[in-house]
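Common to both upcoming complexes is chain A, partnered first by chain B, then by chain C.
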Partner chain A sequence: MERSKTYMNSYLAGILIGVFMIGAYYFSGEGLGASGALKAVVVTAVNDVNHEYAKEAHFFKARVQNEEESPIKSWLIFEILGVIAGAIISAAIAGRLKFEIGKGPNISSRTRLIFALIGGIFFGVGSQLGRGCTSGMVMSGMGVLSLSGFIGLIAIFGGGYIIAYFFRKLWL
Partner chain B sequence: MGPLFPLGTIGEELNLLIGFIIGIGFGFLLEAAGFTNTRKLAGVFYGYDFVVLKVFFAAAITAAIGLFLMNHYGLIDINAVFYPKTFWIPTLIGGFIMAFGFLIGGFCPGTSICAAVTGKIDAMIFVLGAIIGIFGYAFTYESLWEDLRNSGKMGRVNIAEWMGISDGLFILLLTIVAAVAFFAVTLIQKKVTEKHDYQL
Partner chain C sequence: MEEVLYVSGKALPHITPHLEVWGSVIALYLFFGGLAAGLLFFANFFYLKGKADSMPMSVKVAPIIAPIIIILGSMILVYDLHHWMYFWQLFLHVRMESPMSWGAWTLSAIMIPAILWSLSYLEDTIEYLQNRNPKCKLIGLFIWANNLIKKLPVLPWIMVLFNKNKKLIAYLTIYLSIVLGVYTGILLSAFNARPLWNSAILGPLFLTSGVSTAAALIMWLSNDHSERKMYSKIDLFLIAVELFFIIHLFMGMLSGGVAQVEAAQLFLGGPYTAMFWVLIVGMGLVVPAILEIMELSGFHIPIGIPAFLILMGGLLFRFIMVYAGQASGFNIL
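== the complex of A and B ==
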């Protein structure tokens, strides 16, 4: 029990993530993304079910025009497969690999799961409109000093502080 | 000189393998830092846990300094890497929508994937929600989002250039801001957790 509470030093973890990000840029010219992989799942699913629709619809067409290449065979998908493996390895070592529901102390599990679903939907839409999420657009964007990353930073975290008061019951 | 794959130094198979390996490091560190714990993530907005802010800024600044030096010494051509183009209006609005997603759902996409695969049921539901959200967005793209997504186009904008200062000076200022923030949030966290045990 005690062991499962031990986390790596935050600064050390951050610096090492920065080093991996440098590696991603140096070897592959890519940032560390996440929402793009979820998008690839959606694009692949729709393309497999109805290629004729995907070829015409604006959201999909740029990503499915190459008939040979599956959108799933991309750098981001391999990176996310690695993320999955890495998270499982770390959790296994630390003894944190178990089924549970993370939530604030004053809400029921059912409430938590309903809000998790709604929050996920918001993040799915926001990441598409905003051209990336917290890791691919903001963190990786900040690494290359892209203005976009800093706008995203202010919108997500600044916005979060503005609205945090209204959602305090979920967490405190 | 890097980036190796875009400049043709390494092949596609090796590039994908490297992506997998880098992903392992990223996922391992996110989990090890506590990013699968939704209450630790939400803590940044309530003052009882600032792990998000610390990890996030430490990572971004490390990468910014490293890439700046590598570019300076000719080890990488920053013009050849992925560089998010700036469309300020959709990024601002999308970011605000993501803020709601964070406060309501308690994760972001990367952390939710790590949490879901290590057994957090709420994170599995969050990932499902994110996929539903992307489906919904995709099917309403032309009617609802396309014009907005392409508005506010500024192209490839470097924030230091935009502010009229050098990259090095900007990174120095960013590092100072982060150092002050690290100091301040440590004090805030101590104060907030003194009054109440959040039992993370």
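== the complex of A and C ==
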């Protein structure tokens, strides 16, 4: 457990996230989010390729109606850019900045990447059905005492605990 | 009733209210031009400093990229022309007052030392790659090219002449590379109808940005620790100069006429604000600068991260300048 010395205390990190959430609501009027940024990228790409389609399609409609402003100009995009820059800098300070694929000892990098992609697709679809991901729905939602945030918490983490049993071989 | 017919320049499609003539191809070409200028500048500069053997990446290996991207840039430029079959006419005219003519001639002139330079170090490049990266697929191509050159009739004789006068040629190439780097900016600033471009600072700003992207690329490719460290320092200095120029670009515009103030407003509250300050100044200049300062003070940073950010920042900078410049204009008239 030598490495854990370089990680921040998780209770302190949790409190900091809460503080940032208050700041985010105060300055931007929106909470924190991650899948929303990806959604903005997808919506912008579809809108640029085929604006007529994006205007009609249910999933894209709401975001592309204002033709003056590009859907990419969203607070979440800038938040994610900040997350990337901050992650690089804090990992460098902790001396852990390097390119690697985090995986269990008994599987190949290839297997890990394939399963990560499958998991990512599931989570992406799920986050759109649930209108937000761990940060966008659960954290930001619970921050404003929204019921969906609490249900999302139970669903995401409870589901994770149950499903993890079947995929434990990937990590053991 | 008498009818009055107005004929006005304002009815020109693609020119008013916004110029819509230049697209991403021009931005990419300006990026390649600046990058090639920087690569050639560093190669010749460190050669003259007598560091050909201690800094092999910058003097011997990296310059081979320069002619390739110049050719690539020129090809996409020709593709962008409306009547591209007539592109050769540019090489039959010399127009002292046209920066485009200067650029075309500089580009053609610098191609000669750029190609001969990389050919003269082709054997060193092959050796360098075989030592550091024996799996590199380019080695076979370079060996084939090297054998081909030896069979050609006049080229070996030219190479002897080139190697004999290398020092003189290096001085000339440094001069030409600076002209090329400045030209990528002057090309835009010669448009006096586009107030965002029409600033004398654009030439040095594009030169600095181009040299800085070249430093980032060499830093990324180099395996040598001291060479990397040196480029980290050079890059930090260039980023500082770039920020200085950017601030002065806006200071100059804000103290100018209404059209200039309006042009500056595109970046200070207008539609390009977020992209310029967050992506170019933030992610393309400030974050890599922080990472390089951290690296110089002993933290371990994979060099690819700041290098990639600087290269992307440089590319985006040219895109945004090409597009925002066309959006600016003397709209008040």
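Simple rule for what comes next: the second predicted complex is superposed on the first by the 167 of 172 C-alpha atoms of A that agree within 3 Å, B and C clash if a C-alpha of one lies under 4 Å from a C-alpha of the other, contacts with A are read in each partner's own complex, and residues count from 1 in each chain.
One rule holds in what follows: a contact is a pair of C-beta atoms (placed from the backbone, for glycine too) under 8 Å apart; a residue touches a chain by one contact, two chains touch by 3 or more.
Keep in mind that what you see is a predicted model, and the values were worked out from it rather than measured.
Engineer: Sharing chain A, do chain B and chain C clash or fit in the superposition?
Structural biologist: fit
Engineer: For A:N47, using the defined touch cut-off, is the partner it touches chain B, chain C, both, or neither? Pick first, second, both or neither.
Structural biologist: Neither chain B nor chain C is touched by A:N47.
Engineer: Once the structures are superposed on A, label A:A85 by its partner contacts, choosing first (chain B), second (chain C), both or neither.
Structural biologist: So A:A85 meets both chain B and chain C here.
Engineer: Figure out whether A:F157 sits in contact with chain B (first) or chain C (second), or with both, or with neither.
Structural biologist: first
Engineer: When both complexes are superposed, which of chain B and chain C contacts more residues belonging to chain A?
Structural biologist: Of chain B and chain C, B contacts more residues of chain A.
Engineer: Between chain B and chain C, whom does A:G95 touch in the aligned arrangement: first, second, both, or neither?
Structural biologist: The second partner, chain C, only.
Engineer: Can you give the closest approach of chain B to chain C, taken over C-alpha atoms and in whole Å, for the superposition?
Structural biologist: The answer for the closest chain B-chain C C-alpha pair is 7 Å.
Engineer: So chain A touches chain B in one structure and chain C in the other; where do those two contact lists coincide?
Structural biologist: Chain A residues touching both partners: 73, 78, 81, 85, 88-89, 97-99.
Engineer: Contact residues on chain A for chain B in the complex?
Structural biologist: Residues 5, 7-8, 10-11, 13-35, 37-39, 41-43, 46, 57-60, 73, 75-76, 78-91, 94, 96-105, 112-113, 115-164, 166-168, 170-172.
Engineer: Per the contact definition, I'd like the list of chain A residues that touch chain C in the complex.
Structural biologist: Answer in residue numbers: 73, 78, 81, 85, 88-89, 92-93, 95, 97-99.
Engineer: Touching chain A in the complex: which residues of chain C?
Structural biologist: 274, 278-279, 282-283, 287, 290-291, 294, 299-302, 304-305
Engineer: For the complex, give me every residue of chain B touching chain A.
Structural biologist: 2-6, 10, 15-34, 36-39, 42-46, 50-51, 54-64, 66-67, 70, 75-76, 78, 80-88, 90-110, 112-115, 117-123, 125-139, 141-142, 145-146, 148-149, 154, 156-160, 162, 167, 170-171, 182, 199-200
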